[in-house]
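Pasting the structures in now, so scroll down.
Both complexes shown next keep chain A, but they swap its partner, so chain B is in the first and chain C is in the second.
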Partner chain A sequence: MTTVRGLLSRRWVLVLIVVITWVILAAALKGVSTLELSTAADTPFTAWLRDLAASIRGNRTKSPAFLYFFNPIRLGVQGFIEPIRSVIAVPAEGDLIPLFGWLGVVALIGYIVYATSNLRTSVLSMALVFGCGVLGVWADSMDTLALTLGAVFLSLLIGFPLGVWAGLNDRVMAVIRPVLDLAQILPTLVYLAPLALVFLIGIASATIATLIYSIPICIRITAHAVRSLKAGPVEAAQSMGSTRWQLLTKVQLPMARQTLILGVNQTTLAALSFVVIAALIGAPGLGKPVIDALTIRNVGDGLTAGLAVVLLAVMLDRATTAAVLRSQSYVPVAGPALIRRRIGLIGGGIATVVAIVLSRNQLWAAVFPPQLNFGEEISAFFDTIVSWVTSTFDFLTTGLNTAFTTIMLNPLEGLLANSPWYLTITAISLVALIVGGRNVAVLSVFLMLAVVAIGLWHDTMITLSQVLLATAVVMVVGVVLGVIAGRSERAERFLKPVLDAGQTLPAFVYLVPVLALFGPTRFAAIVCGVFYAAPVVVRVVADGVKGVPSDMVEAAVASGSTTTQVITKVQLPASKKSLLLGANQGLIFVLAVIVIGGLVGAGGLGYLVLVGQSKPELTGKGLAAGLAIVLLGIMLDRIAHASAQRSDRSSS
Partner chain B sequence: MTNTRGTTVILATAFAATSLLLAACGSTVNSATSSSAAAASPSTSVSGSASTSASGEASKACGKWGMAMNAWVGYTASAQVVSNVAKSLGCTITQTKLDEAATTYDAMEAGSVDVVIEDWGGGRWKEWVDRGAVKELGENGNVGLIGMFVPQWMCDKYPDISDSANLNKYAEMFKTAESGDKGAWYEGPPGYTTIGEKMVSANKLNYKVINTGSEAALIDLFTKADKNQTPVLAYWYTPQYFNAKVKLCRVNFPKSDWTDAAKASGLTDYPETTLVKLATTKLVESGDPFANLVANFKWTNADQDSVSADIEGGMTPEAAAQKWIDANPDKVKAWTGQ
Partner chain C sequence: MTESADPGASAEAAISVRSLWKVFGPKADSIVGTPLAGLSRAELLEQTGCVAAVRDVSFDVAPGEVFVVMGLSGSGKSTLVRCLTRLIEPTAGSVLVSGEDILKASPARLRELRRTRFSMVFQHFGLLPHRRVIDNIAYSLEVNGVKKEMRHKRAHEVIELVGLHGYANHYPEQLSGGMQQRVGLARALAVDPEVMLLDEPFSALDPLIRRDMQNEVKRLHRDLGKTMVFITHDLAEALKLGDRIAIMRDGAVVQMGTPAEVVANPADEYVADFVRDVPKSHVLTLGAIARPAEPGEYLDGPRLDVTTLIRDASPVIADASGPIVVIANGEAVGVVTSDDVLRLIASEPTASEHEAR
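Presenting the complex of A and B:
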């Protein structure tokens, strides 16, 4: 234990020496070789990208790559999603309602959930979907639901076989793993522009973007499910002469069923969480009002739509979780319970059919009744609250913003962005060398030089300074709340719904009130990053603290340690691995939101991505900024990962 | 176990099949709507003028077209008025929310939208026109003027602030934590025509350009500055409904000498821009009544502001547009020729 502490502290002393030298040199060389570039200026690389993008745009109708590859994919995806939309979301030309009116949709959802889980979840699901109508966003909610379900189906169609294959075959896994890793750290904003360039703005692009986000999750969980099976039954089946196909379908998949349904759950939530950002490239549904709330001042409507996203997320989460639980019970339903369930299924089925018929023939069941639509009132209510908060706490928010910006953000940005680029690269790679080892230091130098070559060094450093500060705040918040939740079950039960909501609420939704509170500033982006990443870190830390063996804690208490001592000397050191994992997750989550912060005045790479999307002459700059975000993400992830592994090795 | 689950699956499939079968046998709600046109629809209220098109004149039937919806309220006002009038002609108009410029032109080339009713960029659509996808349809009557603005109280208190030559004298006042030791220059959203960085460097202004990212941010800044009598210098434009709510004062730079923002030197001011309409070649060559309507559409800044103000005041765009249409039958008649 002492040697571990010794190793650790020696490392931190070295880091401290590097940082102090860095600060002194940066102060002496302030403003030298910062590689600052104005928004409108191109570098050779961005100019090349711009011309490339223009030629891609020009060739969409001629080039064979488009005629025989991209365009058929686009039409295929569109042809798959549109029919789903026409059932629940989009009326055909001249029609008032889609195939099913609102009552039919509610009943159908209730019936499907009842058939796959139980009555209670079914009633809850119907209430939540009904709630979307009460919020006044029925049509948009159905559009989002249709797109999500379609994307989930395609994700499973592609991800499930790949996941099974990767689970059975190590070589396939070795090929797929780096792609999965990259997909996890790629901020979603980055692949919107290239997709829109190839697949155009619209449902196809939005769906494909969602797939890129959700398929890796599906593959990962499926492969894990197949891999983690106990060898016994598999060997038994093999020894009895099963073919590979029999082995897979009769033994491996049924045994892994529970994890597989969990995969459906995670894939669904991932797809849903993407719908808002996908609205930037033409996804229909709830994303649009949220983005409108930002572009034209409309806090209330944005929050209302965001709330509907949460309702849908809770509904899909509970429905799939309940299906997992049901598949878990190996006790066969029998006797009166079986009869009751059969009656329920038949009765529910008849009721559903009646509801669908009604929803196609009665106006009250077809179009969500205006008497039950409280959208405007709810939106006005949100507006009032936000404007009350902003005007009442103006002095507080302005003070907080100014203090944080002057004391922390400006100096850090000065250090990273306003000192010579070679100094910053040297300093960062030295820190990487100390905390992560030689390999990751070499990788960092290479990645940072690539950013310099692209020509976006200065903007990358502006983004990095915000990411680092937001992560620091996230870690403080995460450790404090995580320790509280890990130590007390009551606190955890209290925090759970807050964390759930925080994880499902799309980041865009709180950009709007945060913008109102803090104005267009980098601080606003940092606040959003903290809100978005904190729930994950709290979860990871709480799990880590809970995982500390209870005899260790009891021994410390018995030997007279105070609560603070138990936390700082026993529980936190023992869960160091979780803390580092939390930091790694926190960094990646923060990066994803900080770049969206370009919409609220954060500048840096995120702003360039957005500008590239709307100004043709800056397309190249935007694409290059997306690439720089990827390089930055890989660097941060690798450094955090390597330092976690290293401390793991030194403590074992 | 397998047995009960099997039964469940069979039952569920049976009901799913039944409901789909039922769905195939017609809906009275839908057939009611298609016979009495859009009049029964609760979301749109175009019934007022629907009677004109229902009179059975031998005019060419109107088709199905897409209208691009860019973000700002002024655009929404123009696009909604044209959409409402088009619906009264019997056209089916699908509105699609899109970023302006490249995104929208791409969508036109792909055929998902057909009309941009208000475009601010002097010729940025050239690439798409050259490829034959898009055609310029001339002015829409609105004149846009972008510029840097301060709240009116500042011009009252410091009259010479409206001259860009004096901006450096007042830079100290505009300092924030965000801009450090310089004045804060709040720039417009990414999609808008902006040359702030060039103006600051060409005129050697002691200001730092802060990219606000959204129109909401600008409105927040001006509202706060007006209410608290605090200084702010930010990007803004006319026509804009907000100008009726909060009085702003323009900071004038030397007279503009450019039309293409990409080639502007930054020394001079933004030019007055006559806003133009764009349409797909497909629509222009269709001879459709909608093509005719878009080609003839023209109104003033005051017209647009009145509709915008109603939208901002809480009316739906459909209702606000219809209110203006009902109040201005002559202007509408000039566009439709009916």
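Presenting the complex of A and C:
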């Protein structure tokens, strides 16, 4: 133990020496070779990308790749999604209302949820969907829901078989795993632009982007479901002469039922959160008002739409979670409960059909009644609240913002971005060498040189400075709350709904209130990143602390440790692996949000990506910025990963 | 798998295993038949990174016999039993079942054999949690394409046989461990197999339930006469159930014989250690302590067969005024007095020694 501590502290002393030297040199060489580039300026690489994008645009109707591959995919996806939309969201051509009016939709959702889980969840789901109408965003909500459900269906269609295959076959898993890992690191923002370039702005692009995000999640959980089955029953079935197909259909899939449904839950929430972001490339629905709120600062409408997203997220989460819980026991209901359920299913079915028929014939059931639509009032109410809060607490928000920016953000940005690039690369790779080892250091040098070659070094360092600071804050918050939640069940019960909400909510919806409070600043982006990443980190840390064997803690208490000593000398060191895992996850989550923060004035790479999307002459720059984000993400992930593995080795 | 035509293999035996090896690890195939095969397990692991879980095991199981394989955990007994139906693919050797070499069977043939000729009972039951008892029991008939009506009829028969009456529609999670293993037994019996393989079937059960289930197996064996290969780490269980016992250590069989042979003449220290605590009178028969009559001893006492357990004979011996006469095939072969029995019991460790260990 002492040698481990010795090694550890020696490592941190070395890091400290590197950082101090770096700070001194950076101060001396401030402003030298920073490779700063104005937004409008191109580098050879971005110019090449711009021309490439232009030629792709020009070839959409000519090139065989488009005629026989991309365009059919686009039309196919569109042809799949549009009918779903026309059922609940938009009138088909020549119709005045969608196939089902609001009453039909509410009843149908209630019935489906009842059939897959229970009455309570069903009533809750209907109330939540109804709430979307009260918020005055019925049509947009239905559009988001239709797109989400369509994307979930396609995700399952593709992800489920692949996941099963990867679960059964190690070789397939070995091929798929790096792709899944990369998909996890990729910030959502970066693949929007390339997709829009190939599949045009619109529903097809939005759906495909959503699929790229949600399919890996589906594959991962499905493969895990198949892999984590108890070996006994599977072996027994083999010993009785099952064929592989019999084994799969009669044993493995039925046994994995619960985890598979959990996969549906995760896939659905992922799809919903992405469909909101996909408004950036033309997804209809609730994402649009949110973006409008961010850009033209129509905060009330944005918050209303954001709240509707929350309602949908809670509805989808509750409904699928209830289905997961219901599948916990393999014993089906029987006796009076079964009879009650049959009556419920038949009665509910009739009521649903009646509601749907009504919703096609009666105006009040077809169009959400204006008397119940409080959208404008709610929006105005939000506006009032926000302006009251901002004016009343201005000293606080501005003060916090200014203090954080001048004390932490500016110095760090100065160190990373405003010193010579070769100094920064040397310093970062030395740190990587010390904490992660030679391979990672070499990889980091390579990735950073690639960023320099792309020509976006300065912007990348601005983004990096925000990511590092936000991660540091996330780790402090995460460790404090995680230790509390890990040590006290009551605290955990209290935190659970907050964490659930944090993990369920699409990142986008925090942006609006944070922007309202802190204005379009780098600080706002950091706050969003912290909000988004903290739940994951808290959870990982809490699980780690809870996972420390209780006799280890008891032994420490029995030998007279104070609570602080138990935490710092036993629980935290013993859950070091979880802390590092938390840091890794935190970094990736933060990066995803910080680049979206470009929308709210955080600058850096995210801003370039967004500008590139709106201005054709800057397309090249936007695409290059996306690439730089990927390179940065890989570097951060690999360094965090390697240091986690390294400490794992040294402590074992 | 070059030695399937081993001259020693017996076609009459229910199961005939010859020179069976299972080596886990890199290049597992390149060990058997080389000098490496002669290394001890630890040496082999050090030199090649391979573990020989089963080393050069040979035995025959006669039809209707209960053959017990006993050993501590890690001795290779569970791997051995899985090699018999190729749930684990053996590295070398041969396994003949009624004269047919299992290791040469095609996948389809192997499935057929598993569906009809063998069945297996597992330590942790291995029941399918999503199926009712009856559908668990009917599983192998189902995968063999037997019609639902037929397979449920058969399942009901074995449900009665193992004492699960009234539980056909329960789910495994609704049953206690002992009941679950009854389902495991019923499932194994459903196909009317030639050979039942039982891998520590009762180790996960409470002692009282375990005794019930052992009696159940004895009863089923008496009634149905199935050939059984029974794996256990519990010597008492082995002695109780086995017609013959093979004791394994580090993958190899160190002794094979009837319970009496093993207890009376342990082959080495390892086996002796195992059998030290066994009350010999429970295992040995009169034959083991019978001695020639000494001059002057009366030979008109009660007459008992040489195969009688000493435990069962002792009330008679105690009541007799003189020696009892031990007979085999109607001929007197020796005598036993209560002193002889006492001497045997005295040679066993006392209760306090038990405590001390």
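Here, the second predicted complex is superposed on the first by the 649 of 652 C-alpha atoms of A that agree within 3 Å, B and C clash if a C-alpha of one lies under 4 Å from a C-alpha of the other, contacts with A are read in each partner's own complex, and residues count from 1 in each chain.
As a working rule, a contact is a pair of C-beta atoms (placed from the backbone, for glycine too) under 8 Å apart; a residue touches a chain by one contact, two chains touch by 3 or more.
The structure displayed is predicted, hence computed values, not measured ones.
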Exercise. With both structures lined up on chain A, is it a clash or a fit for chain B and chain C?
Worked result: fit
For this session: Mind working out whether A:Ala271 is in touch with chain B, chain C, both or neither, as first, second, both or neither?
Result: neither
For this session: Could you say whether A:Lys288 touches chain B, chain C, both of them, or neither, answering first, second, both or neither?
Result: first
For this session: Pick one for A:Ser38: touches chain B only (first), chain C only (second), both, or neither.
Result: first
Problem set entry | Contacts of A:Thr352 with chain B and chain C, given as first, second, both or neither | first
For this session: Once the structures are superposed on A, label A:Ala26 by its partner contacts, choosing first (chain B), second (chain C), both or neither.
Result: neither
Exercise. Which of the two partners, first being chain B and second being chain C, lies in contact with A:Val251: first, second, both, or neither?
Worked result: second
Exercise. Does chain B (first) or chain C (second) touch A:Ala319, or do both, or does neither?
Worked result: neither
Problem set entry | Touched partner set for A:Ser242, first chain B, second chain C, both or neither | second
For this session: Have a look and say if chain B or chain C is in touch with more residues of chain A.
Result: B
Problem set entry | Contacts of A:Ile97 with chain B and chain C, given as first, second, both or neither | first
Seminar exercise, completed: With chain A overlaid, the minimum CA to CA distance between chain B and chain C in angstrom is 7
Exercise. Do any residues of chain A touch both chain B and chain C, and if so, which are they?
Worked result: 330
Problem set entry | Touch list for chain B against partner chain A, complex | 1, 4, 7-8, 11-12, 14-15, 18-19, 22-23, 26-30, 32-34, 40-42, 64, 71-73, 92, 96-103, 105-107, 109-110, 112, 124, 127, 131, 176-178, 180, 186, 189-191, 195, 197-198, 201, 210-217, 219-221, 224, 262
Exercise. Along chain C, where are the residues that touch chain A in the complex?
Worked result: 85, 87, 110-116, 118-120, 122, 124-130, 139-140, 142-144, 171-174, 187, 191
For this session: Write out the stretch or stretches of chain A touching chain B in their complex.
Result: 38-40, 54, 57-58, 60-61, 87, 91-97, 99-101, 104, 108, 111-112, 115, 196, 200-202, 279-280, 282, 288, 292-298, 330, 332-334, 338, 341-342, 345-346, 349, 352-353, 356-357, 360-363, 366-367, 370, 394, 401-402, 405-406, 410, 512, 515-516, 519-522, 598-603, 607, 610-611, 613-617, 619
Seminar exercise, completed: In their shared complex, chain C is touched by residues of chain A numbered 232-233, 235-243, 246, 250-251, 254-255, 257, 329-331
